[in-house]
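Structures incoming, each one as structure tokens.
Heads up, the next two complexes both have chain A, just with different partners, chain B and then chain C.
And then the complex of A and B:
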């Protein structure tokens, strides 16, 4: 096992910069997820760690060793691909044994490792089957097995679950988490799915346009997004953004915008926020932090605003309300048992202790 | 419902059957004639022999015996094999390695080399006959098996490389990347991945080359002409037409001998043939 370090790593394809000075540290045994929309450079970053892409600038370390010029086979890594990349003409056993045979591992040892990996992944009965005879989930397990038997220093996963159907994906996600608990191998995992990122990653790096926007624990990223991109990307439905202005009245701080004027709680009125009084900002609030008076115990003064309900999406355990607030749309996640009809005028309560304020120019979080 | 479908297809089927009959009739005539004694062959048509059951006992293998032993067709038959089999293997081996390099290895000038190979496909081989023959004469390669192996391989390679490269190029990139991470060298990946996965296209390329070389007269005539002991069937047959032009019983038998191998090869491997051509033409 080993840590992985990217230091100011850049990758250019011609004039296009796919990865821009990315610095990232993955601790020994840690599970790190790179997440972002397609084209954000997450897969390219992973492929550079694997040695499948040249590095334009910067350094990559695996353990103590700088691996910029080390070929993939000598980096002691194993990679699982989105389309599994199983060898179609070999049976499951040989698919898993291939890498070991190339490394001249003794036959007995190969047999032992393949069988124990097959046992671990529940594909013991399938060792003689060819990949085309397997279901998607089984293929993915074989691909995992191929990585496990090598006992590498680092696992690299490139969207390994995106070819599976929704139900199986959820199950394999849990299995991957369990596998990591057991093997404790350093893992870098690439996905565009924020749920996978949140559930699997001990730390998550959110990427956009080749740049790491934020690298932190999943809950921190959710609670304290560093900028509007991260705030909008993580969380579903996405955070509401409303243009607003910070004003100060009688020593109290308010966020005021079209159709609302909300009091900033004392504990959130930081110096940074106070310094931004009078400036144009973006007020962010997550759908679950918008409620109705019925759902709130206690004082609602200074926290309410009203809107007209446009669409209602009942989901059983919650309902999603799309409402119009002075021409802007907001999304709220409400108690499913509240009777709400489209067209209805509704009073909302904003949980202001959970507010987010972003600089309108830089889109960075102020609070 | 079913009847209308059959009716709809009837014209098409009639057309296909008619074409097949037109195509097959001469070959069938050739076959029947080759079993008839000389006098009969000259006095009545082959179809009369076919429709007269009482005649069937007169069919004989004597023509074949004479052609194979006294006219040297036996030796020529063997020569055809000695020419065709090594040529096919040599062409395939070189083409597969070249195609792999052109499809999957990164080196300077790869695109240029590929364009050259594709360009060579359109150069008529007739243009090369005189210069190559001159070179062969200097190198003492004319009239020898190695000479004709090289010549045929050279003529076959551009198309073979192109065909194989397209197929190899359509193999998923991740397979190679996975193999490289697993510890394979490019050559290992070629042997362990590319070759096993390309059996259909290799077979079809092999059949192509085999049939082309086996049926070739021009190249053999130019590089082996005048060397009786290395002459293949086609060359021998054309000599036979010249020297024994009246002896239909011998010519038909000889012609059928030269046809039999391509027929066997094609019929036994046609499954690969069709699949391989499609695989090369349509990506994936």
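And then the complex of A and C:
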């Protein structure tokens, strides 16, 4: 096991910069997820750690060793690919044993490791089968097994669950988490799926246009997104953004925009926020932080605004309401048992202790 | 309508054509192979004995065997190497087109071209052949490429065949090579394989069925090889091959009996490879 460090790593394809000065540290035994929309450079970053792509600038370390010029076979890593990349002409046993055979591991030892991995993954009775005889989930388990038997320093996962159907994906996600708990191998995991990122990652790096926008614990990223991109990317439905202005009245801070004027709670009125009074900002509030008066116990003064309901999406455990607030659309996640009809005028309550304020120019979080 | 008889009606045109142009000539050839030069006297296995024991035929058998091994090895081998290596080259398409180009040239034209390449003049005269010009320029003695028996001239002829057919093997294998998922090779690299091991354990197994098809196709071609030899030496200086032998017996010496016997021998030699090819084709169809 080992830590992985990326130091100012850059990758260019011709004039296109796929990864731009990424600095990232993965602790020994940590499970880190790189997440972002397609083309954000997450897979390229992973492939550079694997040694499948050259590094244009910067350094990558695995353990204490700088691996920039070390070929993949000597990096002591194992990788699981999106489409499994099993060897079709080998049976399951040999798919898993291949890497060990190349490393001249004694036959007895290979047998022991393959069998224990197969046991762990529940594919013991499939060892003689060829990959084409397996289901998608079983193939992915074989690909996992191929990584496990090697007992590498680092696991690299490149969207390993995206070829599976939704139900299986949820199950494999849990199995991956459990596997990491048992093996405690340093893991870098790439996905575009924010749920996978949140559930699997001990820390999550949100990437966009080759740059790491935020690298932190999943809950921190959700609670305190560093900028509007991260705020909009993590969380579903995405955070509402409304143009607003910070104003100060009688020593109290308000965020005011088209159709709303909301009181900033005392505990959130930081110095940074006070310094931005009078400036144009973006007010962010998550759909789950918008309620109706019926859902709120206690005082709602200074926290309400009204809108006209446009669409209602009942999901059983919740309902998603799309409403028009003075020309802007907001999305709210509400109690499914509230009777709400499209066209209805509705009063909303913003949970202002969970507000987000972003600088309109830089899109960075102010509070 | 009685379907029991109707199908014969539909089959009739095909059967008629096959019968007239395939079955009848084959049976007739087999019959003639047991008769004398003018097809009037029954000679039993006389023609076959000659086909398997006469010196020209033994030389032809030896040469065909040489063709079989060297030609197949080089066309398939070089085709494979080129397919894999050119995949990493920027001007792949242009280079492949050039290598494939000889396929578009007729054997007669290829023969003419290569007779110039191999042309040989006495030491005192200027060498107009490309190869000998190079040899002499490097200070060597001119070589009779098509005369030096038994290895140089036969290999020189085989080289022409390789020149023509390598492009074909390369194109077919290259198409299959490009079908290999890149992740599979990357997985092998991460698993600890060096480039040779990736080639040996991932690439080759993946190309196996294509390699088999290309190889049997080359073997069937090489057993029938005729044009190149006919054009360049017409079998002189011990370069004869079975098909050219058959042609000469038939049209030069009018020995119909012996020519037919040689044809039958050639036919029998090719059958196993045809069977292999058809079997493989069937299993591939079955998989679909």
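Here is the rule we use: the second predicted complex is superposed on the first by the 367 of 367 C-alpha atoms of A that agree within 3 Å, B and C clash if a C-alpha of one lies under 4 Å from a C-alpha of the other, contacts with A are read in each partner's own complex, and residues count from 1 in each chain.
In this text, contacts are C-beta pairs under 8 Å (C-beta built on N, C-alpha and C of every residue); 3 or more make two chains touch, one makes a residue touch a chain.
Keep in mind it's a predicted model, so treat the numbers as computed, not measured.
Following the overlay on chain A, a clash is recorded for the pair chain B and chain C.
In the superposition on chain A, A:102 makes contact with both chain B and chain C. Of the two partner chains placed by the overlay, neither chain B nor chain C lies in contact with A:347. Of the two partner chains, neither chain B nor chain C is touched by A:362. When the two structures are aligned on the shared chain, A:306 is found in touch with neither chain B nor chain C.
In the superposition on chain A, contact is made by A:71 with both chain B and chain C. Once the two complexes are laid over each other on the shared chain, residue contacts for A:79 go to chain B and to chain C alike. Once both structures are placed on chain A, chain A residues 50-52, 71-73, 77-79, 81-83, 85, 87-89, 98-99, 102-103, 146, 150 are touched by chain B and, in the other complex, by chain C. Against chain B, in their complex, chain A makes its touches with residues 50-52, 71-73, 77-79, 81-83, 85, 87-89, 98-99, 102-103, 146, 150. By the touch rule above, chain B contacts chain A in their complex via residues 172, 174-175, 177-184, 188, 192-193, 196-197. Interface residues of chain A facing chain C in the complex, by the touch rule stated above, are 50-52, 71-73, 75, 77-79, 81-83, 85-89, 98-99, 102-103, 146, 150.
Across the interface of their complex, chain A is touched by residues 181, 183-184, 186-194, 197, 201-202, 205-206, 208 of chain C.
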